[in-house]
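Just below sit the structures, each encoded as structure tokens.
You will see two complexes here that share subunit A, one where it goes with subunit B and one where it goes with subunit C.
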Partner chain A sequence: MSAVAAVFRRELGGALDSPVAWAGTVLFVVGLHVLFFFLGYPIGDQRLPGFWAGGLASLDALFVWLPPIYAILAPALTMGSWAREFREGTDELLLTQPVTIRALVAGKFAASFALLGAMSLVAILSAALVVASVGPLDWGTVWGGLAGALALAAIHVAVGLLASAVGQEELVAFLLGSIVLLILWAAGLFVRVLPPTWAEALWYASPSLHFLEGGARGLFDLRDVVHAALAVGAALVLNGVVLVGRRWR
Partner chain B sequence: MQAGTQSPQRSMIRVEELTKRYGETAAVDRVSFTVERGEVVGFLGPNGAGKSTTMRILTGFLQADGGAAWIGDARVDPDAIEVKRRIGYLPESTPLVRRMRVTESLDSVARLRGMTPAERRGALERVVEACGLAAWTRKRIRTLSKGYRQRVGLAQALVSDPEVLILDEPTSGLDPQERGRIRDLVRELGRTKTVLLSTHVLSEVQAVCQRAIILARGRVLADGPLRSLGDQLGGAGSSELGLTLSGLAHDARVEAELGALPGVEGIVRVDAAPATAGRASFLLRVSERETAAAGISDRARHFAWTILELRHEGPSLERVFLQLVEAFDEREGPA
Partner chain C sequence: MSRGRTSWRFNAWLSAALLLAILVVANGLAREHLAWRVDCSEDGLYTPSPVGKRLVEGLEDHLRVEAFFSGEVRLGPVQIAKRRLTDQLEELRDDARGRIELVFEDPNASSEARVSADRFGIRPVPLKAVQGTSLVSQDVYLGLVLRYRERERVIPFVLPQEFEFVFLSALSDLTRPTRGVVGFLVDDGTGKADDPFQQARRLLTDRFTVLEVLDLDRGEDVPPSLDVLVVARPRLAARSAAAVDRYLQGGGRALFLCDRTVVDLARGALTEIEDGCSALFEAWGLALSEKLAWDQLRSNTIRTALTTTDGTREVRVQFPYWVHVDQDGVQRELPATARVPGCDLFWSHAVLKANGPVAGLECTTLLESSPQTWLVSAVGAAIVDPNVLSSKGVALLAQGGERSYPLAVALRGPLPSAFGDGTSETQVVVVGDSDWVSDGKFFTTRNELLFQNLVDWLAQEDELLALRSRLPVDRKIDDFLEAERLSRGLATLVEIQGSSETSELLSSLEAEAADAARRRRWLHMAAGTGGGLAAAFVALFAFRALLTRP
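Take a look at the complex of A and B:
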């Protein structure tokens, strides 16, 4: 456990040390608020007006933005996690310490998840407070949406981290991660027009569908929890496999 | 512990038939050696000889394709945490997290090595002092000179006070002064620890090591105390004579005259530029030193040359090394 904590600390220290994380947080919160309060959600067949235009005391128009934003933000946060270590040769330093690969992967995942989780918490709760100050907000939906958002963030971070190990270079890692995650999100837009078997298959694959039809509506479904746990677990195990594979170079 | 994972003897480092292939080429080819507790051993070889690969296998960074190794009684494997705990490792070209401050970087390694807060405090003070980093602890690593980065790398390797130090070219790219400091530090460390140090600076091995293992193309060419490696060649093989002459009328003919002398195997002109007219320096490879010297003085009398200098170049480790590698290349054909 102390090994995971040591990796977590090393990783988070690196993120907080650079202005990118802070600028990213500000950009994320401000950007998400602009989208939610003013623009609404003009994509797909479930269009939503901006908060000030629609006048509904709900965070729906905020939650629907999270999947595409995470699909870009999570790989941006994690792209360097392994790729930078490989580029600077510091993976040799890390992998020769008396720490298991499991602890290394877990520590790196935890650090990036903590970062994206904290950013989400700030963005969602601040928006919720504004909405609650002008109308009757259903706080149950907010907490459900927040839990769903954290699960969604965890999946995106795990996939981004895997992309960082597979891609080996930061730019490749970012593109790989964000393209895969954007495809999973975009496919969900067509779920209503697909044949039922396809739609069902997609439901198993797409994290954003689980979020939008579950947590974002304030619903708790054990299947969503299992889905998130399996997705995160699979990505982290694969991440470990990639690292073990590098020993055989 | 499984049967068969016990090292037969209690050498600190024991390597048996270690092999690592990159595609078709064997980077490490059935390498075997041992390093006893408290020994400082130099790992020598040209680039691509397999030094770094062997070290990377020992430290658990790479998986071997064949053979086995032990650190003390623990079998080396990338998943063997116990092995990694015993080793302090300075990888080649000293990778460091450049954004970190010196203290932060040492503290981070100490945490990864599972040290308690109290242990960390003491350890940091100790290594900062030992590596001469006291005035630099607040600096970011990216702002440090190469020499200081090397010190940070060494300090990281030392922070948990490991029994075994594996240092991959700790002085490469440093200026002579820094090189001297690192060398002194390694010599000091060698009093209490087992050290395996790779380098292609041979004088370094002569300065700090008791024994050298010479590698080329993944194989062990020689392994022995420095003295015996030197004698091995000084006794039998050829040696070199340095010669400076003046009063030469026809420069071109001198080389041919000297090259034809009995006992002389080869001759190279090694003038310091700009060459003075009528004066020349040579390096002669000779099989029979005294025969060659007699021949030289005979020719000098005959052509009325003046011998300004005639010296015997003792068998240096550098030459032992080059000759072994050359002989190996001749035997094995070009790489």
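Take a look at the complex of A and C:
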């Protein structure tokens, strides 16, 4: 446990020392708020107007933006996690430390997740406070949405971390992670044009659909929890497998 | 090293394949066996209602549900809808602890099932969707048959979003020993086939037996077996009023939809009618105003022709005789109106509390107009000329004396008899308009909801009322533009036709209000985003300080 905490401190400290986390937070919060308050969600079947245009005290138009934004942001935050170690050669040093690969993966995951989670918390709660100041906001939905957003962030960070280990270079890792996550997000858009068996399978595989059908509506569903836990677990285990492979190079 | 690397590659692919398999299988198992969820939302629309649970748990006998669902659905969204319906049905079956038997039939695959569906009146609904580059269409069956104690109810087509209400309404109807009875008394019970309340009757026939109450003026009585008497646009003779009074004194409940003015816009004609209810209302401490409500602030619009020097064009203008009761004007304490978003009344009379309160009788205002309402003479109520309407508005503003008026009230408790000395414990609702439930465009969705709620409340169908009330709460945000317009008096200013000075003044005030509203929106957003970022930075600094501490 202390090994995980040490890796967590090292990773998060490093992230906070670089301007990326700070600039990312500003861009994420401001960007998400502009999209939510003014633009709305003009994609797919379930288009939503911006908050001021819609005139309803609801965070729907904010939650619906989280999956595509996470699909870009999470790989951007995690792309360097392994790729930078590989580029600078510190991975070999790291792998010789008395720390298990499991602890390394868990520590790096926890650090990136804490960062993205904190950013989400700030963006969602500040928007919720504005909405609540002008209308009767359903706070139950906000808490459900927040929990769902954290689960969604965890999946995206785990996949981004895996992409960082597989891609080995930061740009490749970012592109790989983003493409995979954007495909998973876009699955929801293609449900209408896919054969029903595929549509149903994608419906249950896509993290964004689990989030939009569950947490974003204020639902706490055990099936969504299982889905998120399995997806995060699988991505982290594969991450460990990839790292073991590094020893054979 | 090479052998080790090959072995690692094999292990890596094997791990990935195994993890994928575990992911698919575990997700599938969770989907089937872990159907447990908590609905944190205040509206609670995504969990079975307590009423639904109570109904299925209270089943005394075996309920057989035959689901006529198309087996192979070629349309993705319909497949998902079918899956949700199946989940909802299975959830109810689990709650019923073995008292619900679920049978799935596929009319697309089996001719026998198709014949059965056809016999129950369940028909395929043609649905279309674009798949790839082609348009796919399919006739889809999503119908249900409920059988309980040799009775059956058919739901010809259902979608997940309406499933709960439709299914539980049918179930409630099936499990009730006898159907509720609603009587309609229109005019003086002459039984004209072309009265304008056919849609209202049809709306109730799913759940109630609807009877005509006729010939009260010839000495007939209102059937005492009625659960609710709907008195629509009455013109009661004294004998009929006495019969209604006897019915109420026997504990009967009634909904009065009264009018003293009937307007025919197409012909520009106005007919004064005598409702014959004055004696009843007087005894209850109520009086229906002779005059009509003119709501300057909240009214619906009407299309009309505007003639100017440039010619005649069609415009949409506010028509203050058509009162739009919004959520601020609806009683929130009474279950019948608690979740109703509002309603639209047309040439409505005020229901005034005339003689002070009647001892023990609780009088609750259900609907009221905005604070900028006057009672005006019915003369000219059929005129929709924008110039006439605006000059009337100006005259009323100059006159002053505006206030909000009750347009519907509910009475509960010992209702005094109008023709005797007795009182009887009952419930009555009086609405100062009947057009709002008349056939055609006046019977809006909101009006339908209010009408059904009032009948259910009077019939004491609390379960159906609770089910129908499971609508999302109206979550409208503050309208900054409206607030700014109000603060500049724009809601009460009326443009005088042909005066360029007032036009310019109004335009500049409108622009000023729009700017101020925009500023307020930006201010709110900036405060939220800025505050959030400040909090984030403080938290990140604190985090950093914590991490760098030795």
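The rule is simple: the second predicted complex is superposed on the first by the 245 of 249 C-alpha atoms of A that agree within 3 Å, B and C clash if a C-alpha of one lies under 4 Å from a C-alpha of the other, contacts with A are read in each partner's own complex, and residues count from 1 in each chain.
Heads up, the rule we're going with is that a contact is a pair of C-beta atoms (placed from the backbone, for glycine too) under 8 Å apart; a residue touches a chain by one contact, two chains touch by 3 or more.
Because the structure is predicted, anything quoted here is derived from the model rather than measured.
Once the two structures are superposed, subunit B and subunit C can be ranked by residues of subunit A touched, with C on top. Of the two partner chains placed by the overlay, only subunit C lies in contact with A:Tyr204; subunit B stays clear of it. In the superposition on chain A, A:Arg9 makes contact with both subunit B and subunit C.
In the superposition on chain A, A:Leu73 makes contact with neither subunit B nor subunit C.
In the superposed model, A:Ile155 lies in contact with neither subunit B nor subunit C. Using the contact criterion defined above for the overlaid structures, shared-chain residue A:Leu93 touches subunit B, although it does not reach subunit C.
Contacts of A:Leu62 after superposition on the shared chain: neither subunit B nor subunit C is touched. 9, 13, 17, 244, 248-249 are the residues of subunit A that lie in the contact sets of both subunit B and subunit C, per the superposition on chain A. Interface residues of subunit A, counted against subunit B in their complex, comprise 2-3, 5-7, 9-10, 13-14, 17-18, 88-90, 92-101, 244, 247-249. Partner subunit A is touched in their complex by these residues of subunit C: 1, 4-5, 8-9, 11-12, 15-16, 19-20, 22-23, 26-27, 30-31, 34-43, 46, 72-80, 83, 129-132, 473, 475-479, 521, 524-525, 527-529, 531-533, 535-537, 539-540, 543-544, 547-548. On subunit B, the positions that touch subunit A within their shared complex are 22, 56, 59-63, 78-79, 81-82, 84-85, 87, 89, 91, 93, 95-100, 104, 108-109, 111-114, 156. Residues 9, 12-13, 16-17, 21-22, 25-26, 29-30, 33, 37, 51-52, 55-58, 118-119, 122-123, 125-127, 129-131, 133-141, 143-144, 191-196, 198-200, 203-205, 214, 217-223, 226-227, 230-231, 234, 237-238, 241-242, 244-245, 248-249 of subunit A are the ones that touch subunit C when the two sit in their complex.
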